[in-house]
């Protein structure tokens, strides 16, 4: 099991190509947006990052459940890897959001927007998950407790979405200057490429991180054997 | 069943003689309420819109922190193994401890309410509505807190970790519903006005009760 | 082996990078008093925890009363007693309350009466209504023993039972162990006190470096003691 084996390299290569492509499209080829201006360009990466953040959490959730059933550390490695990378993408989404929002909505953050709040919750859950792992010394205990928590965290997401109705009572959506059309025809290719690019980037990083975790487990196993 | 009842009784007995939970809760509640009182004393008289947040922040923080000893105590006193060696299902341990925590926290909430209305000049609202929301909200966070207490008992910094794990999960579910409903109630609303909220709280409670019941095996065996 | 109370085969258990048990085999029959000796860190306490079902071995199997733990965890647990280094007692509760509680957990039909009997048996009846956190170490160990034997288990694990015991507690322990084993109950004890251990044992073993080094029967104690000194002295 080599860290830089051919399939991982391929992913890395593809993601590099796509990211570059995405940047090209987003920053150069796509025409300037009518209402929003150049700032619109970051929107592509923002949306893509946010989408990947949710996918990453989904992966952590599924891997956690499989780990609980099989007790195979491989699945725990997938769970933690996806969580670590997921935090990064979520942070990216939260940082790029306000950049775009300030220009378009004239505020950095809108408390009335459910999507923003959910991404914030997701970010907090990821961080809590990683904090939990950091506070357990034993490998097996860490994996089991983290898996349980990821189920707990995942279960609050749909419930939080359901809370939207309550939330909007107190923060009615402002029909402000923003709309018009957010997504125009010309933007579609850039958006699609950006999503693909981020997806491949996520996968490339995920595979590498899982590889590292598996190697770490292998090293620990060998150390145990040598200690006899 | 017998085991659950035995554990429930044991928990209450130990708690009333040891008073870890009770003292830490009351201390924290008084400190938080006092802080709020001082913090807002500069603002002026009637700010009913602050009632709900103040009440619930107090209840959540005092309540959550006070749930830490529930499982941690067994680890510290080295009685956890005694429980695991006995022929009882893990679910019985979960239910017994949960029931005991609910009794204690509900009791302490009554005290908190008294203090709350004592410290602040808010008019007493619709009792039934407030009661329902308090009960449902408390059920929600105590159930979650109980599960997380079992997890946190294995972690360094158990008390802090319990908060770190609980708050993201509670934020847009229990905290949101409880505070917004209570706000509505303090503004003169009744039970029918807080429909969505109490329904969400009920769903939360049921979902997490199920999660706790199913996953307690994994947590205790970790 | 038919009729065995405990059978362990090739138990392996690691903690992180430390392989503590490296393939332990053990059989215990009813009525036996098996004492295990060995240097510190040899894995004796780990072995007890694995055998009593508290921890799972990484590989190998444990059969209790002919069954693996998973098949009937509750049934098996009801027939096992453990006296560990920690007495598993609640300091805030009285001696009586502690025993009654465990009686209820073990499904005894009349926990209160049984608790009273046991308190008399271990000589703590006079302190029945005192909180356990007022007890001395010896008293706690005696109560712990009472707790371990309360449900009349067929197999009892004793982990360093003599530690911190006063004379009275030691005598009580030995009396009860002999009585029970005559009834057909089996005992598995860990201790580092060779003399005391061999006096009580019907069989003895040495655990060294994560494996069983020697096993002997009563009557063979001279040979055994020599081996013990060898192992403890560092030889292998």
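Labels for the chains are A, B and C, by order of writing; each one numbers its residues from 1.
To be clear about the criterion, a residue touches a chain if its C-beta (ideal position, glycine included) is under 8 Å from a C-beta of that chain, and two chains touch if they have at least 3 such contacts.
Just so it is clear, the structure is predicted and the values come from calculations on it, not from any experiment.
Chain centres defined as mean CA positions place B nearest to the mean of all protein CA atoms. Chain centres were defined as the mean of their Cα atoms; on that basis the chain farthest from subunit A turns out to be C. Counting C-beta pairs in contact, the chain pair with the highest total is A-B. Inter-chain centre distance (subunit B to subunit C, centres taken as mean C-alpha positions): 40 Å.
Rounded to whole angstrom units, the spacing between the C-alpha centres of subunit A and subunit B is 31. Subunit A and subunit C, compared by their mean Cα positions, are separated by 51 Å.
Of all residues in subunit A, none touches two or more other chains. Per the touch definition, subunit A reaches subunit C in the complex via residues 138-139, 220, 223-225, 227-228.
Residues 144, 147-148, 151, 154-157, 161, 164-165, 167-173, 176-177, 180, 183, 196-197, 200, 203-204, 207-208, 211, 215, 218-219, 221-222 of subunit B are the ones touching subunit A in the complex. Against subunit B, in their complex, subunit C makes its touches with residues 52-54, 73-78, 80, 82, 84, 86, 88-93, 97, 101-102, 104-107, 131, 147. On the subunit C side of its complex with subunit A, the touching residues are 14-19, 22. On the subunit A side of its complex with subunit B, the touching residues are 68, 117-118, 121, 124-125, 127-128, 131-132, 135-136, 140-141, 144-145, 147-149, 151-153, 155-156, 159-160, 162-163, 165-167, 169-170.
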